[in-house]
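Read through the structures below before going on.
Two complexes follow with chain A in common, the first pairing it with chain B and the second with chain C.
After this line comes the complex of A and B, so read on.
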């Protein structure tokens, strides 16, 4: 198997605690999807390590997650820029979505 | 650099249209052009084809324009507005079957990521699926 295709199928994971006051409310949800869309990787989010997983690029689905402050967001990503995508999303959550 | 899809909000009430536009704009800033039309030509409750056409022209993007509407007349007058546009622009304007406020926010969010018109419409309409 070529290295490129190996990278495509690799499922990278990361998790981060929501520390902003409102949790995954409307504006944070929008920022998360916008950030995820900047990458080609497929990125999914869940509030538990075993899912259910939802598409991080879908504002409708992300807003339905309704995760609160203190909950942990789990990310998994696959694709050539999966690792950069996870770094960016974890950073966004840690920066409290730039809102506080 | 390609332009993002534009968003037009058409309500029977100018205040609803303006408020929905404000909410969408707060989410996406200036990355998406958002325009609205509300009320009839006399300034009462209703919709007006001329002001819908003006809103579409204000929000115009070569990537197309997605329209969010409230009740029946807003949809039929939006359809009429599209009919009256230049032929080469008509197929780049779509009406979304979605709730007006949430649909506007979702469509604007999708548009801000550079998605095409079909994807913007599909995201707004995803709100209808449970």
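After this line comes the complex of A and C, so read on.
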């Protein structure tokens, strides 16, 4: 899905379905945070469009979300490279974290 | 001044090295400082633990490295210690604050519905304890090659984390020769003495672990060191001679061919081991192989197929998940059973989780398309368990058929470990039998494997236990059904003559003991009256 701009908050948003077998557990969480950390943008993730949002650069917080296969991951980002960050994260999830 | 502590030999051989104590966390205390000091102490401990895990990860590959990478990522995330630092600011000592914060995190994982998340609780517990070790000044459990681990007890994971290729040994206060970690030590030829009692805490400096005599010598004299060196060299020579004949079949003096297959716990056990030197895999454990892939059919299939391809046409006997007892799997086995060895374990647990059992059966049936896989059910007590597993196997093959995936229906055999089943074996319908002598012995002798105080009772050479084995060998083999034995006794030179006399013609042993087992078999003459053995 394409990131779409949201005029109200200047946050960019994107969403993608989690299709890898084990969901967002240990290794996928680490890969997601490693990818997010490559960008300066603030990036947050949630399993519902209205949050609660957690820092996508924190494996501890992402593990607390316990997102399972079939759930939709929502991302929001702000900052200079927010758009690139969302593209990279959506691509990573769509590629099933390169695991399968 | 040289002195010795007596225990029980759990893995043969002698090792001399510096004692490396691993103290249990429950036995240490520390004095807390001001909140500022406590904050610094925790920060330093977290950094030191992360650095130690990073160093460990660099020496590992594949899955092990990735799981350690996860631990590092968690430790480097400030969110993990937020709660602990808040509690420290409120006056709590660092170790209590850290343990409370991690226990809360672990509780969150254990509350998850999904088994993958629940299973990660063991990583969190590992992280918690690693940092606590640094806080208590115990350092990381990072043993140098050649050291002797001295501890109250040792977890299999702790043993496996050590590089034993350059020597070393283990001396334990508790433990038993039939424990899981002892099996691992024998398989890797790491000398081990267990059951030393409370005096294990006095082991320090240079110690000699004598796994043959079942004792540990502190501050060994020059004469002892020379004698140890000599025995070590003699053992190496004997091993070399046996290794020389490893590829030859095992035939007794009177010309009886004995099949010798191997027990494996994972694909790393067969790396570098020539399939030609054995008669296939007699026991592939799947607790380690598939423990964190309980629901992952593809991954299990890949691992099973790797065993089948390695065996190159030889039979590969794969045991379905034998969790429970001394092999808990977080999120799968039952916690706090009053007597786990007599509780929900092996097939009893698998039949209560038919979906997960189905995943394993499908993966096994798919691997069987590549070669002769045999499925072995652990801890069977009654015929209806075998029948229920057979129906689930039928269902699994029907699902594979419908999905158009290549598969075959493997023979379905059982472990004979429960005495009641052993007595009734003539009436039991199963495709093959394998005597699990460790559990059969502990159940028949009413002596727990993990209790050093009763280790001497758990003796496979007890006439009653040998009688049970002879009964199974005779009445189980009716109609040409294969009967094997896959416990520690199968690789014990003292037991081998008695096992062959009891009628067994097939033994499954750790890969490292194949050569020595074959040599022991070659020394037996089944045409002689018993008692004439050298």
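Heads up, the rule we're going with is that the second predicted complex is superposed on the first by the 91 of 100 C-alpha atoms of A that agree within 3 Å, B and C clash if a C-alpha of one lies under 4 Å from a C-alpha of the other, contacts with A are read in each partner's own complex, and residues count from 1 in each chain.
Going forward, a residue touches a chain if its C-beta (ideal position, glycine included) is under 8 Å from a C-beta of that chain, and two chains touch if they have at least 3 such contacts.
Note that the coordinates shown come from a computational prediction; the quantities given were computed from them, not determined experimentally.
Per the definitions stated earlier, placing chain B and chain C onto a shared chain A by superposition produces a clash between them. When the two complexes are overlaid on their common chain A, residue A:33 makes contact with chain B and with chain C alike.
In the superposed pair of complexes, A:90 makes contact with neither chain B nor chain C. Once the two complexes are laid over each other on the shared chain, residue contacts for A:60 go to chain B and to chain C alike.
In the superposed pair of complexes, A:12 makes contact with neither chain B nor chain C. Of the two partners chain B and chain C, more chain A residues are in touch with C. Contacts of A:21 after superposition on the shared chain: chain C is touched, whereas chain B is not. Taken together, the two complexes place residues 26-27, 30, 33-34, 58-61 of chain A in contact with chain B and also with chain C.
Every residue of chain C that touches chain A in the complex is listed here, in rising order: 66-67, 69-70, 73-74, 77-80, 105, 108-109, 112, 114, 116-117, 120, 123, 295-296, 298. Only residues 21-23, 25-27, 29-30, 33-34, 55, 58-61, 63-64, 66, 68, 100 of chain A touch chain C when the two sit together in their complex. Per the touch definition, chain B reaches chain A in the complex via residues 26-28, 105-106, 109-110, 112-115, 123, 126-127. Partner chain B is touched in their complex by these residues of chain A: 26-27, 30, 33-34, 37-38, 57-61.
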